[in-house]
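Take a look at the structures listed below.
You will see chain A twice below: alongside chain B first, and alongside chain C after that.
And now, the complex of A and B:
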């Protein structure tokens, strides 16, 4: 029902010299809006606290003065801040500073361009060299491959020549009989042992 | 054409009959389009075990080796033919591989 108050209304209420130590005021609490009035409060007429006119006048004056001074201070400070900002942007020193910055900027850009040029030259050189290297390697690979093919061809040719030689010893219908007689006359024996140098060591007899 | 090797075990017969069998075999080969390279005789020996073939028990045989070039398609029919020949005890055709390169083998290094 009674709530503790704080804030701006404290000053006015404090002057009313409350009896209790804590400042309280009437507030909707336990009873809701539609509840009937309590029996002990039936004929109660609520009156606001009395105001002392002299005191009120004095208070009003003082308050108005105080607020005036506070408002003025605040506006002063705000104006100072705005002025400082304005000075920053469009003051006399601002132009110099802007000019210096522009100069610096130009100088740095020029230096940057120089560096870019230098690096460009280096890069061009390097890329060229790498291209040459790659070209050379490719040519090398091609040469090697060609060489390998040549070698292969030679091998094949040798084999063909070898075969052509061997053909003279092949068996045909004409020398079939002769070869058979030859074979029957010369039995071959493959049952021998070799040592590490490849010489024949042991040979089993043919029965 | 790939190169094959026919190892032939013939029945222990007299020389003219062996010659006739060999002639027959090689003629069959040539008839099927093979090129016979060489014929080797590995001798008449005791067979490692007694072999039963064509209702006969063989304990001795003559070993022969024929290497030839042929198309792979004739091999099955040729083997069939050899199976049906009465004088042939056992026949095997193997492919002849190229000589292995004489570099160091990848065996355990000592």
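And now, the complex of A and C:
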């Protein structure tokens, strides 16, 4: 019988000082089937509003006229809508429009092909250049590696020459005796100090 | 009930299109504003509509005018597709001149005129009765 409400429908008429905790509004048709008639409405007989026969005749006449005109209008508008639709699809301008569209389409496709050709050429050039670059770089790398190998060889040769020169000062079995005697004959004294510039500090030279 | 929906209209749950007034926006209490709208029959009054075809402001403005707007081109299209106008929309269009004047508008006007005439004659007789009484008193 009562409808519990909340939110938007709170704007509807509120019962003053609602006793229930929930807000309740008056809704049309709030009495259900089994609810008894209200005391104030017990003997009530509902009558429709009285109809004036003269007015009714006039009204009927007016209504028939109105409906006639309305039907005619509706048919007119329907015809107009159909005609417009027909014109759209198979009218005189439709063919021109279709032709123009086809032309535009062809032109755009041609332009597209042109663009594709141009880009193709550019791409081919670019790819070629990149291939050349790659080739060049590879060659450079190879050259560098060869150079490095040659440098290594040179260093090795230098070392060999150095060694060959050092061989002269080596102590061999034949020189052994000679060298020992030389060393004993020339005693060397390393007990001296040195400053930062490498000069010997003479005072510390021990005898 | 005879559905006048024509074959031009796409079937939608077996309903038909109506031109009716829909209340626009619940933002203010006691300030209604209607949109004249083409909607399917079974949709809520303020629910999703197909197209808005005009507006109607029921409260008169400072110059005592009630403003109405119509998009006649689209209204013609929808009527041609078989839409039913509701009674208030038909009355408004009749007053605008697009449709013939609705019979109920004329009868309402006549009734109101008869009412005012009756009240005028009643006040007239009351005044004459008063005038008749006064000289008697005097």
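Heads up, the rule we're going with is that the second predicted complex is superposed on the first by the 108 of 207 C-alpha atoms of A that agree within 3 Å, B and C clash if a C-alpha of one lies under 4 Å from a C-alpha of the other, contacts with A are read in each partner's own complex, and residues count from 1 in each chain.
Note that a contact is a pair of C-beta atoms (placed from the backbone, for glycine too) under 8 Å apart; a residue touches a chain by one contact, two chains touch by 3 or more.
All of these numbers come straight from a predicted model, not from anything done at the bench.
Using the contact criterion defined above for the overlaid structures, shared-chain residue A:159 touches neither chain B nor chain C, since it reaches no partner.
When the shared chain is aligned, chain C comes close enough to touch A:81, but chain B does not.
Looking at the shared chain after the overlay, A:69 reaches chain C, while chain B stays out of its contact range. In the superposed model, A:103 makes contact with neither chain B nor chain C. By the document's definition of touching, of the two partners only chain B reaches A:183; chain C does not. By the touch criterion defined above, A:95 reaches neither chain B nor chain C. In the superposition on chain A, contact is made by A:59 with chain C only, not with chain B. Shared contact residues of chain A, touching chain B in one structure and chain C in the other, are absent.
On the side of chain A, the complex with chain B involves touching residues 166, 169-173, 176-177, 179-181, 183-184, 186-190, 206-207. Here chain A touches chain C in the complex through residues 8, 11, 55, 58-59, 62-63, 65-66, 69-70, 73-74, 77-82, going by the rule given at the top.
If you check the complex, the residues on chain B that touch chain A are 15, 18-19, 22-23, 26-27, 30, 35-46, 64. Interface of chain C with chain A (complex): residues 4, 6, 8, 26, 29, 76-77, 79-82, 99-100, 102-103, 106-107, 110.
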